[in-house]
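Both of the next two complexes hold chain A, though its partner changes from chain B to chain C.
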Partner chain A sequence: MTCLPENPSGKKLGLVTDLDICVGCHACAVQCKEWNTNGISGPLSDTDPYGADPSGVWFNRVHTYEIEDQEDGTSRTVHFPKSCLHCDDAPCVTVCPTGASYKRAEDGIVLVNPDTCIGCKLCSWACPYGAREYDQAEGVMKKCTMCVDRIYNENLSEEARIPVCVSTCPAGARHFGDLGDPTTDISKLVAERNGFDLMPGMGTAPVNKYLPPRSGAARTKALGAPRMLSIDQPPKKKAGRLTSWIDQVLSGGKV
Partner chain B sequence: MGKQPEIDTSLEIFDEVKTTTCYMCACRCGIRVHLKDGKLKYIEGNPGHPVNKGVLCAKGAAGLMNHFSPARLRKPLLRVGERGAGEFKEISWDEALELAAGWLSEVRRSDPSKLAFFTGRDQSQSLTSWWASQFGTPNYAAHGGFCSVNMAVGGLYSIGGSFWEFGEPDWARTRYLLMFGVAEDHNSNPIKGHLGRLKGRKGTKFVSVNPVRTGYSAIADEWIGIRPGSDGLFILAIIHELLRADKIDFEFLGEFTNCAWLVIQNPGKADDGLFLRDRKGNPQIYDGKQKKITAPGPDRRPELLGKRKVRGKTVVPVFELLAGRYLDEKYSPETVAAETGVPADQIKRIAAEIAHVAFDEPIELDTGWTDVWGKKHRKTRGRAVSIHAMRGISAHSNGFQTCRALHLLQMLIGTIDVPGGWLYKPPFPKQVPPGPKPAGHEVKPGKPLGGPPLGFVHEPADLLVDENGKPKRIDKAYSWENPLSAHGMMHMVLHNAWKGDPYPVEVLFMYMANMGWNSSMNIGGADKYLTDKKADGSYKIPRIIYSDAFYSETVAYADLVLPDTTYLERWDCISLLDRPISGHDGPADAIRQPVVAPDRDVRPFQDVILDLGARLGLPGMIDDGGRPKFPGGYKDYIVGHERTPGIGPLAGWRGDGDSFGTGAPNPGQLEKYIENGCYWKHTFSADQQFYRHSNAKYLEYAKSMGWVENTDPITLQVYSEPLQKFRLAAEGHGPHQPPDRLRARIKAAFDPLPIWYPPLEGEAISVKDYPLHAITQRPMHMYHSWGSGNAWLRQITNHNRLYINPATATKLGIGDDDWVWVISCHGRVKGQVRLMSGTNPETVWTWNAIGRRKGAMGLSEDAPEATKSFLLNHIISELLPGKKSRLSNSDPVTGQAAWYDLRVRVEKCKAGEEGVTEPLFSALAKWSKPLKLLRFGKELKR
Partner chain C sequence: MHPAKSVIFFTTATGAGYGLLVALFAYSLLGEAPADNSFTWGAFFSAFFLIIAGLLSSTLHLGHPMRAWRALSQWRSSWLSREGVAAMLTFIPAGLFLYSWLTFGMTSVYTFLFGALTAILSLATVYCTAMIYVSLKAIPAWRNLWTLPVYLSFSIMTGTVLFNFLVELFAVPTSRLPLYSSVGFLLYGYLFKGFYWVFVKSAPKVATIQSATGLKASSIRQLDAPHDSANYLMDEMGFRIARKHARKLWPLSIFFGFVAPTAILALSFVSNLGGDVYPAGLALFYMTIGVVIERWLFFAEAKHVVTLYYGEEKV
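Let's turn to the complex of A and B:
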């Protein structure tokens, strides 16, 4: 058993993913793989990379679901990027027999210490989100580090110190910040857009949030357009040339 | 338990960063490549770059896995086995180039057209087309003919621009975006970003019209799952509604389009449907102010309606012709609902929404502008409806006219190059129709062609046919079969070369075009065409030279393989002379620089053809003493070549380094690009950014840059006179007439106003037997077949399913995961089903180009790409169904390959047939021993 921090700082660094605009392009997943295979948890092994069953370590994976639109019954495709949610009550930490899994007191990031991880996989069983990644080649568990080797990296420019899944997202669907402070931009965004927790019933209190898809029907309504064009009573003054021309043609008159 | 461990969060992962341009797809994003001890480690987007502004997609982020692919070629190869087997011996570059030069010089000495030179998704087309022209062969094209030539030609013959590289929505201001059938790898990073921002703006709507709800369509506010090939009807029904309700921008039409131009009505005569012109050739309008017929000009009130008699001829303005046509019940929402699968109410609502945004809520910018007639506009008026469209419109045999219909809709509501609408990207707009015309009327031994092989046909006399109407090009581009085929017809090359129709070729030279596999229709046919022999045992296509960086399927068919580098090992230029990366707000171009030197004996293809050009003594590639003019290869060419005096491949830092656009070659130009992040961009002043077809200040600038020949207004062509000229020829007028078998087809397809007709394949078969449409979509993380050998990308997708609407599947007795045969009139292919509601019920679809031939791309023979994946290419013929005089499976106007016309039926496999795809080709000879474990970055591990 491993304990969660006794005196957390209150800072909760996390990610917010906007499901309204995620197009499922996998940019976040691959850029994450590329950074982290070089980073503090690297290399992220790939077995059978050119064979029948290629399989590797990815901290971030994009799933695609099809749901029925509750408004109009049409199909809706939802792309759903998923990585470690850095839960406040992280079961992967408390289940760890060696203390290798831990949650940082200063910023809430959940990490694995590869020196003490024995590869028992209890954490991956405990995580309800399937966010843990076992590295076959090294025999240790790995996971999203919130790009801890980026966000504090003094060799990088100030602007570059954000997780790569955020900086690379072409749609701008990913946000990073302190979700423990209600006054940050990211916390306000969550409040404004009704951001939600993944599987709240699990009691894990995830730090990462998701923003729900916007309602297409509501946006259509907000346009304020009529449901169809008024053909019979065009405004008198502008009625212009075309309408009167049509009238004449239809009534057999001379143009 | 224990203390939190100390970790080093300031790792020094890299010690060097170089900028260059990505080439993992066609978008050309700026990248920053990170190295450690000179070794490639990490690629990210370049925040300063005008295309991607720092972001990067999955393909770009996986670039290193292409670079380090075990399928990389190592040295020139000479075939030793049979074609198609993949058996080679390695030879030296000297030997390879001498061999190639020997074959090519023989061809050039006897008949240069016996060389067919075709390149794929080539970003050096201004070099490769120039090379073909200097060699003297008309038989050159890149992949445009089977990609999106319908969009290019449809746009250029209508508005002097088109989508993607030619123009884009005014993303920041548009309030209503209609997107039609977009392949999600075109301009993909910019589009994703713009959609993300657009969806965050209130009072804005994004409508996607696409038979399949993936990618961009997945996040649309409204998805219209239209039936493939019927988009034209949907658009014309919207136009019908707008006309009925008088929601038309008459002022825009009168001032900037040819809607007021008078058309001669003289049925059966040689001038029928042509514009009334004065003695100087000016078109004529009826000016309501002076109450007389005159040429268009300032201070006119162009009348859009009214039949008149002039010099004994009946004339009528274009607008009256179009209003009469589209007001017909044939185009009413009720009439088109069944064919399109879109309910009439929905079409009416979309029309009402378009009209509301365009006319009830026009926008106005405080910036003024001055038109070509000297009139000052104090404000810039706009309408915030925009359209983006690509391949779903394009890849049908009715795509050209459908694209014209889209532009007609834009013109009717006045949203061309206005705030909130659709905007040109420089060097567009061009005059309509654009120049130059294609060269190749005369091919002479040992001589250059006298112009670029690809160009724009304006009338029948421009066609590349002999006096008997026989095509002069191997692909039959610019012939009566497909007159406006401005990008060539790559999909016909193998068939025609094999058949010797219109003539045999001696050498087939291909570059990065996987025509032995996913870049051909009818793969079984392609295999036959490439390997078939004459009675004497020699190959029907005598010599094949191919350049590729990887062990692709087409490599196996080559007699001589010239191994290319990757994009990280060479110089390149993304030129305004080719396919620009400009934004609407100004021109831009870019370079690639070698980030690392090749670690093997491979050479950049561009260096290689300049070397070959010098060995062959091609003009422009040797100096007066006969020595190579560009001894440093492509790098020297990029800096030193001038297309016309002062204009070269790159526009930035010319002359002494301070001028741009035009100027003498600057030896320090590339250093300037590198200092600037490998791109150049100029931003227009605010009064040069709109109404550029008629904007005096813009047109003067465009002329100074060599983009337009003069500053005359570019009148948007609602009615296309060049099309009418072909129609008249088909009716029997003029000295150049089509063969009788093609008269009816040309007369129907070359309507000067947009029309809709059903896709040709469906018309040629019994639709009852093939009730479903079959199309492909592109996964955002793969660009055609380029991603399938990539160790990371193939973990995301390594096999494809056949997606079917559940209701359709139920009717067919098919369930999720079932294996099925997809059967067309041409053949059948086997794959596994996935049910998906977001699919038009009359359509099945799959991901494009996932399947690979066994042994290709360094994959093991049991890789899912080879065993479970399938390509629809197997069941698409390059010829239309029929017994005799078979025409190409293309748009009859442009020669665009009609990939999406495919009709199929789907049948469940018999027991025992499941599990493995068919057809299965024999395995290629093994290229490399598959790696069992990849641990990229392990040397950084401390």
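Let's turn to the complex of A and C:
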């Protein structure tokens, strides 16, 4: 049924991406492809993979932007991972003529049934974020599943039951949890860091949130990092005898 | 947006087919359609042919054409589904309309009833087609007040010009009404299209790279795209070729779709050439070229907001 669920449970599983932390390594995108090509949506087909013009199905893509003149006058590079935002008011679901696209009442995850999808592509036109991927080889639409085949998978250890983009991120830039409940850690993180929606004007009410990059000073303070030391500044602590001796030998006798 | 040939053919062919059914109803109601049976057959055959060919072409571009029947199920939320349902329903009264026209004559009450039902469902189908586009917030060039009137008026315009040609082809016209109304609807169709173009060119932008990324900075540039080659999104939504040529193409659409057919038809009614099949056919031919260009531009010029993530600044 492509009407949105009438009695949603209130649970909204979603991702939060910290644009302050992402280092743009693309590990989440690669691991997403790796897991999902073997998962319920797999295989995620590629066309011309080793040729001159490769193309393929990816649920997760990392863009990189150069931003100038932020509010504090500084500039920086921002890496920007993007996957389906599992919108509350998902336009991709309501336009679907077949019922193949649906939003789950129990946790808000938006999925496509590959057995009933006719491959009309209308849902990919309706999504403002480019989160839907047409599989040329299978003729059906595919998309991020919030790793639904992991998060409820009892064959995995409990700590592994999170989406792979979250478990893979070496920088800890991605978080997963229930955004429908304001008392969860993830909801508190969003509140504390002023998490925001992408293109709120589109009326999609995305569940996934993004956390803004912090200004340099704010970040240093938040991380508790020391101020940068000057290279000429003498070390505060006196070196031990052994260290002094090694230093002396290595410096060719001059201290 | 990528202008798929199948969708261009589908929207123009079914638009003309439904428009022709509406014209058939209007002229039967006025008693101004030729009483010739060959005309009735020819006209209904043309309408059904255009509609069925259009529907088939739209299913052929699906990833799974054999599952197309499933598209009739979600009429509660989806305009595409509603369009399919309306298209299927229209065949019932349209068949009966033809039957009663042939058996009871064009002015009988049955012909009127089935004709009215056919006309209403035909317009409803075109309405649903237009609403598929109007309902997409992510494509501001479609989601506006002008898309719907353009689709409806183009359907009636193409149907009427086709009707005028068929009258000339199959019968001796008894009235000049088809000729006059063709000119009238050409004017009306392109008037709406003109408003559409002016609106789309001047409408305020609905989204920016700032709102798309949520980043608070006055300048945001794409440094690296996710991949170094194009992907599905860029091929489907990021179509650029047409935009380059748009400035040349829309005058061509106006010339072929409006100026040429109007001039030919107008000439044929001021001169004594009236009642000739050639000007009517030529007008139909030119109009078709113009309308196909118009439909191609409708897709090709429409920008999707996802292009913001790939380097556009405002959509």
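Here is the rule we use: the second predicted complex is superposed on the first by the 209 of 255 C-alpha atoms of A that agree within 3 Å, B and C clash if a C-alpha of one lies under 4 Å from a C-alpha of the other, contacts with A are read in each partner's own complex, and residues count from 1 in each chain.
Operating definition for what follows: a residue touches a chain if its C-beta (ideal position, glycine included) is under 8 Å from a C-beta of that chain, and two chains touch if they have at least 3 such contacts.
What you see is a predicted model, and the numbers here were worked out from it, not measured in a lab.
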item: Partner chain in contact with A:184 - chain B first, chain C second, else both or neither; value: neither
item: Partner chain in contact with A:210 - chain B first, chain C second, else both or neither; value: second
item: Chain B versus chain C as contact partner of A:117, first or second or both or neither; value: second
item: First (chain B), second (chain C), both or neither touched by A:66; value: both
item: Chain B or chain C, by number of chain A residues touched; value: B
item: First, second, both or neither for A:94, with chain B first and chain C second; value: second
item: Partner chain(s) touched by A:200 [first = chain B, second = chain C, both, neither]; value: second
item: Contacts of A:78 with chain B and chain C, given as first, second, both or neither; value: both
item: Partner chain(s) touched by A:3 [first = chain B, second = chain C, both, neither]; value: both
item: Residues of chain A contacting chain B in one complex and chain C in the other; value: 1-3, 24, 26, 29, 54-56, 58, 66, 68, 75, 77-78, 98-99, 213
item: Chain A residues touching chain B - in the complex, by the definition given at the top; value: 1-3, 5, 18, 20-27, 29-31, 33-35, 37-40, 42-52, 54-56, 58, 66, 68, 74-79, 98-99, 102, 104-105, 111, 113, 115, 137, 148-149, 151-155, 159, 164, 167-173, 213-214, 216, 219-220, 222-231, 234, 238-243, 245-246, 249, 255
item: Complex contacts: residues of chain C adjacent to chain A; value: 1, 62-65, 67-68, 70-74, 76-81, 84, 132, 135-139, 206-207, 211-227, 229-233, 235-237, 304-306, 309-310
item: Touch list for chain A against partner chain C, complex; value: 1-3, 19, 24, 26, 29, 53-58, 61-71, 75, 77-78, 80, 82, 91, 93-100, 116-122, 124-130, 133-136, 138-141, 196-203, 210, 212-213
item: Chain B residues touching chain A - in the complex, by the definition given at the top; value: 1-2, 4-5, 7-13, 41-45, 47, 52, 54-62, 64, 70, 175-176, 184, 188-189, 192-193, 195-197, 199-200, 202-205, 213-223, 225, 241-248, 250, 304-307, 320, 323-324, 327, 345, 348-349, 351-353, 355-357, 360, 780-781, 789, 791-796, 798, 836-839, 858-860, 862-864, 867, 930-938, 940-941
